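Listed next: structures, encoded as C-alpha cells.
In the two complexes below, chain A is the common chain; its partner is chain B in one and chain C in the other.
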Partner chain A sequence: MAKKIYERPIIRPLNTGMMNKFGTRTEYLPVTHIDGVSVKSLIKQYGSPLFVFSERQMRENIRFAKRTFETRYPKVQFAWSYKTNYLNAICNVYHQEGSWAEVVSRFEYDKAINNGVPGDKIIFNGPDKTDEDLRVAIKNNSPIHIDHLDELYRLTDIATEMKVKPRVAIRVNMDTGIYPMWDRFGFNYETGQAWDAINKILASGKLDLVGLHTHIGTYMLTPSAYGVAAAKMADLALGIKNKYDTVIQYIDMGGGFASQNTLKGSFLKGSDIVPPISEYAEVICTALLNAGFKNTELPTLYLETGRALIDNAGFLLGSVIANKRLSDGRKATILDFGVNILFTSFWYDHKISPAQEFGMHTEDTVLYGPLCMNIDVIRENISLPPLNAGDQVVVHHTGAYTVTQSMQFIALRPAVVMIDLMGKPHVIKKKESLKDLEKNEEMPEFLKQFKLV
Partner chain B sequence: MFAVAKNVIYHLKGIVLSYSQIYFSNNIWLGIALMIISFFDPGIGLSGIIAIVTCQLSCLFFNFNISSIYDGAYTYNALLLGLAMGSFYQMSLPFLTVLVITSMLTFFLTVWIAGRLSKIGLPYLSLPFLLAIWVILLGLSNFTGIKLVSKETFSLQLWFPNLFINVTKLIDSTSFSDYLHLYFRSLSAVIFQYNDLAGIIIAFCLLLRSRMAFALSIYGFSIGYLFYYNFEGDFTPLIYSYIGFNFILAAIALGGFFIVPSAKSHFLLLFVIPVTALVLSALHTVFGHLHLPLYSLPYTIVVLLVVGVLQIRQFSNGLELVNLQQYSPELNHYKTLYLKKRFAGQTYFHIYLPIIGEWTISQGHLGNITHKEGWKYAWDFDVRDEMNATYKAPGTDVKDYYCYDLPVIAPSSGYVIAIKDGIEDNLISDVNLVQNWGNTVIIKHADGLYTKLSHLKPDSIKVKEGDWIHAGEQIATCGSSGRSPEPHLHFQVQANPYIGSQTLYYPIAYYLVKLNNAYSFHNFSIPQEGQIVRNIIPSSLLLNAFSLIPGRNIVWNIIDGAKNKENKWSVYVDIYNKKYLYCHTTKSSAYFVNDGVLFYFTDFYGTKKSFLYQFYISFHKVILGCYKGIEINDWLMPQVFFNKLPMLFQDFLAPFYHFLDGNYNFKFGAVDNYMNPEKIIFETNCNGRVFNKNVKKIDSKMSIDKSGISIVEIQNKNKKTTATCVY
Partner chain C sequence: MRIKKNIAVSDTGFLFNPSTGDSYSVNPIGMDIVQLMKLNKENDEIKKAIMNDYFCDDATFEKDFYDFTMVLRNYKLLDDE
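Moving on to the complex of A and B:
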C-alpha cells in the first residue's frame, strides 16, 4: 500500500452550497505526465519554469480543423499566425501540415522566409509595413493585405516605380453584431470605405486585387458573427465580380476562434462555453456556399487560426517557491513563474493543476509570481490542495501568445521543450542567459571605468 | 470559276474512289491502279467510267446528296455494271443507250436500297448492281432491235499476247499453279478482268494498301479452296466466271471491314467461308436454270446475314462490329482497340461523389454489413481521423462523430423526385429497422438513372420535390437516421425512382484516392471499401487555359529546330456536335472533349507533320484539377511512334498479337501553389514500346499562366519544338 500523503492542516469556513454527495473537491486531477513524459523529469532535466509543447496535440488540432473545414467547403487553406507563436520548430509543425504563414511584421516575414515558406505563401498583414518591407514582399510575390489608404497610396507608388503588379487584398472591418466592434484595422464595410479602397485599386490598375481579408475580433464566443462576416465578404467579392469582372481568388476570414481558456470575469469555465471549431466552420462555409458564387469561381477560404490550434498544446511547468498567509487570512503561494512569461494571465484565469498526487481538501489561494512587483499575480483566487515549497504545478492552455509575449522583466525567460510524437522531448529554445540579455548592449567608453567608494 | 474547278476535282475524286470502294477502300492510289487495270480492255474501262459519270450526273440532276458521290459510295455499283457490260459487248450506239439507262437504274436502285438497309444498319454491298445486271440480261433478249455484239477476247491480250502468256507460264511453273491461277483470276474477276497479270497487280496494290486485307484475301480464299478441294466440290462454277472472289470479298468484309479484325474475326471466317461456298453452290444450281450469272450474290447474302445477326447481340467480346468505318482494316483494328482501351468503361452520364473534402468508404460494393444481394452496389461514407476513428471521444452522441451534420451534395444534376424526412437520428449503436433508409433524397438524372442519399439528419434537407439541382449543390447534411448505428452517408445508384429500389452498378466518373498522403487519379471506377476519396475541383487557371470555345482563335509562334513559323488554329464544331481544333496552315483537325475535369483528344485528321498533330499527341489527356503528385495515363496508337516497316509486320500480326504499342503519362511539374495556382507547368511522356520496352520517347512540357497556355515544348528524339501562344 502506497504511503499516505501528508498535507498540512487547513481551516476553511463551512458554506451552504448545493448538496453534493462527493463533498467539495478540487476540480482538477493531478497532471503528472505530459504525453507520457513525467513533469518531474522534465523539470529536472530542463529546469523550472519550463514551457512544454505537445507535437501530437498540435498536429491533432490542425488536422481536426482542416478536416472540419475541408469537409464543408471545397477550397480551404490555413495560414499559421506567426504572432501566436513563432518559435521556428512550432511554425514548422504547422507548415509540415500544409499551413502557409501569416505575418504582421518584417521580422516575422523574414522568419517565415527562413523557415522555408515560399514568398507567395506568406500573407503579409498588419498596419505597419515600411516601404522596404513592401518592396521585399512584392519581390517575393507575397499577398499584401492593405490596412489603410496611406499604405494603399504608398504601395501604388512603389508598384509603379517597380513596374510590377503586386498581389493585394484589403482588410475589411464590419459590424457583425458583436461588441467590441474592431474597426481600427482595415476599411469599414458599412460606411463604404471598403468599396472606396476597392475602387481605387481596380481603377488604378496598378495592383492585382486577389483577395479580401477580415478579422472580426479575438476570442470570439459567438460563431454566428462569422456567418455575418462571411456573408458580407462574399457580397463584396460578388460586387467586385459584377462591377469589374474581377474574380476574387480568396476570402481570408482571419482568426479569432476561441480556445478553451477561461476569460477573466467569465461566469462559466471556458471549456463549457467555447463553441467547437465545427460551429465556426458551419456558419462560415454555409454563408460562402450559399452566397451565389459560380461553381468555377468559388473563392478559396483562407484561415489564419492561431490560438485555437495551439493553446491546448502548450503547458507551462513551474515550482512552488513558498507559501504564506496574507493579512486578511487568505493563503498565498509564490511560484517561480510570473506575468513576465505568462502575460496571458492578465486576461485568462489559467487552469492550473498540481503535478503530484494530493488529498481531497482544497483551499482558496492567491498565486503570485516571483517578480518583485505588485502586479505579478497569476491567479487572484484558485482552489488548490495545499502545496509545499518544491512542489510542481502545470499551467494549461499556454500555447498561444505566451512565448511570443514573454519578456525578461526581472526574471529571464525559461527554456521551451517540444515532446515529439514518440514521446521524446526536444529543446526548441534554450533558457535565456545574461549573455543573451546583454548581447546588444554597448557601453560608452567614459562609463567603463569607475571606482565605487 | 474556283468553285467550278473545285467541283470538278471532287467529281474526279469520286470517279477514282468508286474503284477503290469495290475493294473496301477509300484510297485514291488503289482507285487509280484499278482504273488503269480496267483499261486493259479500253471498252471495259470506258464503259465503267461512262457508268460512273452517268450516276454522278443523275445525282446532280435529281438533287440527291452530293457528298455520297464524292466518296464513290453511290457510284461503285454503276461502275460494276459498266465494267460487266463492257466485258460482254462491243462499243456501239445501242450499247451506250442501254448503258446510260441502266446506269441510271443502278443509281436509283442504290439510293433506294441504301436508304432501306441503312435504317436497319446494314450495308447494300453490290445488291443494286446485281439487280440491274439481271434486269439487263433477262430484259434485253426480247428487244430484237437492240443489237449488242458479244465480245470474244480481250483487247490488251490481243495486242501484247506475250505479256499475258509469260505471266501465266510463270505461275504454271510453281507447284501450286492451280491455286494461284484461281486466286489471281478471282481477284481480278471482281473488276471483270479474268487474267493473272491483273490479279497479280491487284494483289500487290492490296498489299500496299492494307496488309490485313491482303492476308484476309489469301486466308479466305484458301478456306474456300480447301473446302472445295477436300470435299470434292465441283470447280466448274469457280473456274467458269471465277466467282471464287466471293470468298475473298467475304473474308475482307467480315474479317476486317464490317467486323474489327481480331483472332475471333478470323475464327469466324472458318465458319463463314464454307457457308459462302454452300450458298454459292446452291445458288449456282438455281440460277443456272435461269441462265443468270451469280457474280457477288453469295458473298452479299452471307455478309448481310452475319452483320445483321451480330448486331442483335447484347454485348460483344472480341468480335466487335465497326462503328465508325475507317475504310481500312488496319485503322478499324487500331482505332477500335485504342478507343476501347481509352473509353470502354466510360459512362455517358457522369456521377460524382456526394461529399465535400475527404471521406472514407466505410462499406463498399458487396460489403459484408448491409450491401448485399439486390443492394450490393452501394457505398457508405464516413469521416475518420489519423487514428482511423470516426468520432472524437467519448463518441456517445451523434455530435461526437466527424461526419455528423456535414454537407451532403448532389452527385450530379437532376430533379429531386422523392424525399423522406422527419425520422429522428438514432442513439449511437441503435438502429431503426422500420424506416431503415432513414431520411432520404432521391434524384432523377435521366430515365432509368437515379441516385439515392440516405440516413440524412432530420430537417436538414434543403431541397424540395421537383427542384432541379446542380451537381455539387448542397441537398442536406449527414445524419444517423434509419438503419444507422452511427452517423454515415449511404449512397447508391438505382434504375427506379423508389426508396428501397435495388442498386445499379454504375461507376463514379472521376475521383481521387488518398493513400499515404498522396493522391491518385481514378476514372470511371468503383471506390473500394477503406479508401479515402474526394472529388476533383478543377483549377480556374487550367479551366481558363483549356476553355476552347467555338470561334476561339489561337495563334502559335513555332520554333521547329532552326525554322520559325506561325500556325493559326480555330475551334469549330462539326455537324455531330463534336468540337475540334482546326489548323488553317496545315488543314488538319484534332477532335477534343472538355468535360470540366479532363481535357482529352479523341481523333486526328490531317498531316502528321503539323504542329497540331504534335500537340494532339503530346497533350493527349490533361486533368483540369491541380493536385500534387497525381498522374494520368493513357494509350497512343503505335503508328505515332513507328514507321511503315515495323508497322508492316505489326499489321499482319495485329489481329492476334501486338508487339508495338504506345502509352502516355501526364504529371504536374512546377506549380507555384496548388491552392490558387497562377503558374502551372505540367509534363507528359509518350513512349513507343516494342514488346513492352520503351524505345521511342516524346517528352513535352506546357506552361500555363493567367492568360492561358503560354509555352509548349516538345522534345521528339533530337528534335525540339518550342511554340509560344501569341494570342
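Moving on to the complex of A and C:
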C-alpha cells in the first residue's frame, strides 16, 4: 500500500451552538494561484513575504466604478488617492484609466508631477501645505483645497504677492448622521464656518472658488450618509450661485467607500455586509440631480475613492516559521510577516488562506508575526488547517494602506510585484536592503571605533 | 498513554465524552492515533505504525504527536491524570 500524505494530527471541540446562520466559514479553502501565477513560484522567485498586486483587478475596479457613476450622472471625474497606495506603478494604472491625482502632502504632490500628471489635474488636499507648497501649486494651476482659516489667509497673501488668482475649493465637514463625525478637517457646515470661509473668499476676490470638497470618513458602511453630504454640498453650491452669481464647477465627495474587509469585532464578514459601489453612487447622484441645479450649471462630481478601488487587488504572501502551543492550550502559528507591514491588521480581521491543499479539518489558531514584540498579532483567532513550518499563506484584501503605512521596524520591507494582464509578474518595488536603510545615516568621527573586551 | 475508557470513538472522525457531553472532530491521522491509543499501544508502537502509513520524518512526527497528546490531555480525554 502506498504511504499517505502526512498532515499534523488535530482535534477540535465541536461547538454546535456557535455556528452562525451562514454556516461554517470557508476561509481555509486553499488559494494556490493569483491571476494564474502560482504562489509557490512567486515566493521562490521574489522571496517571502511578498506583496502581490493584480493589474487586472485594479483595472476592473476602476472601470466598474466609473461605469457605475457615469450611468447615473453626466459629469464624473475620479482622482486617485495617493496615500491609499502611492507606488508609482500602481498610480499609473489608475492614471492610464483616466484618474487624476489627489494628494495630501508635498512629496505626494511631487510624486504625481514626476508620474506625469498635469498640474491642473492634481487635487491638493490636507492641513499641511507650506508657503512654498502653495506657490508651486499656484504656478501649476492645481486646485488647492483649503483646510483652515490660517491657510486661507496665507494663500490670499501669496496670491496677492504673485498677482494671480489661484483655483481653490474649501473642505467642508458636516453632520451626516454618522458617529464619530469627522470635524477636524475643513470648515463646518452646520455652525456656519463653511459660509464664513466662502464669504471671505468671494468678498476678497483674490481667489477663484471653483469647487467644494468633503470627505466624510473612511470605510463608511452607510451609503445614506453620502446622500446627506451630497445634499448639503449642493445646498452650499446653490447658495453661492444665489448670493454671488458664481457657479461652482465641481463638488468633490472625497473617498471612504468601504472595501470588502472585515472590521475587528464584526460578527458578519465584510463581504456579507459591505454595500456595493452602486448604492453609494445611487444616493450621491440622486442628491445632486435633485438639488435644483440648472442643467448647464450641473457641477462635475469628483471622487477620491481609495480603498474600494484597490484593497481586493492586493495580496500579501507569507510563510509559516513555526507552530507552538500556548500555556492556555491555544495553538499559535508564527508567520514571517508582522504588523510592521500589515498595519491594517490592527483594525481588520484579514482573510487568510493556506496556499496548499489540505484535508477538511481545521483548528483554531492565533497568528503571530515574527517581530519580537507583544503587539505583533495578525489574527487573534482564525480557523485554519494544520499548517507546518515552511507552508505558505495568502492574506487577502491588502491593497490599501498597507504598502504606504508599512514601517521599517525590526525587519526589512518585502518586494512588491504586479502581475500584468498576461499573467506576467513585474517587480514594482525591490526588497529593502540594509544599504537602503542606512543611506541617510551619518557616523560622527569620534564614534567610528570601539574596543570590546 | 490511554484514551479514557468511556470515550466513544466513531469511524467517521468524532469523539464523544459522555461524562461531559462534549464532542470533538479529529482528522484522519488523528483518528489513527486515537484508535491505536484505544488499543493500549505504547508510544513507540504508535509512532512505528504511523510512520509506516504516512510520509513523515521522525522529528516532525514526535513534535506533532507530543503536541496532539497535550491537547488530548487538555480536553481531559486521557486516562493518565
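Quick note on the criterion: the second predicted complex is superposed on the first by the 437 of 453 C-alpha atoms of A that agree within 3 Å, B and C clash if a C-alpha of one lies under 4 Å from a C-alpha of the other, contacts with A are read in each partner's own complex, and residues count from 1 in each chain.
Heads up, the rule we're going with is that a residue touches a chain if its C-beta (ideal position, glycine included) is under 8 Å from a C-beta of that chain, and two chains touch if they have at least 3 such contacts.
What you see is a predicted model, and the numbers here were worked out from it, not measured in a lab.
Engineer: Using the superposition described at the top, determine whether chain B or chain C touches more residues of chain A.
Structural biologist: B
Engineer: Given the touch rule stated above, what does A:G329 touch, chain B (first), chain C (second), both, or neither?
Structural biologist: second
Engineer: With the two complexes superposed on chain A, say which partner A:T296 touches: chain B (first), chain C (second), both, or neither.
Structural biologist: In the superposition, A:T296 touches chain B alone.
Engineer: One more residue to check, A:H361. First (chain B), second (chain C), both or neither?
Structural biologist: It touches chain C, and chain B stays clear.
Engineer: Based on the superposed arrangement, let me know which partner A:K232 touches: chain B (first), chain C (second), both, or neither?
Structural biologist: neither
Engineer: Using the touch definition from the top, say if A:T71 reaches chain B (first), chain C (second), both or neither.
Structural biologist: The answer is first: A:T71 touches chain B but not chain C.
Engineer: May I ask you to decide whether A:K3 touches chain B, chain C, both, or neither, giving the answer as first, second, both or neither?
Structural biologist: Only chain C; A:K3 stays clear of chain B.
Engineer: I'd like to know which partner A:Q249 touches here: chain B for first, chain C for second, both or neither.
Structural biologist: It touches chain B, and chain C stays clear.
Engineer: Chain B touches which residues of chain A in the complex?
Structural biologist: Against chain B, chain A makes touches at 59-60, 63-64, 67-68, 70-75, 77, 118, 120-121, 141, 210, 247, 249-250, 278, 282, 285-286, 289-290, 295-297, 300.
Engineer: Would you tell me which residues of chain B are touching chain A in their complex?
Structural biologist: Chain B reaches chain A through residues 355-359, 383, 385-386, 392, 402-403, 405-407, 470, 472, 474, 535, 537-538, 540, 543, 672-673, 675-676, 678.
Engineer: Which residues of chain C touch chain A in the complex?
Structural biologist: 13-15, 22-30, 33, 52-56, 60-61, 64-65, 67-68, 70-72, 74-75
Engineer: Inside the complex, what are the residues of chain A that reach chain C?
Structural biologist: Counting only chain A, the residues touching chain C are 1, 3-14, 323, 325, 329, 359, 361, 386, 388.
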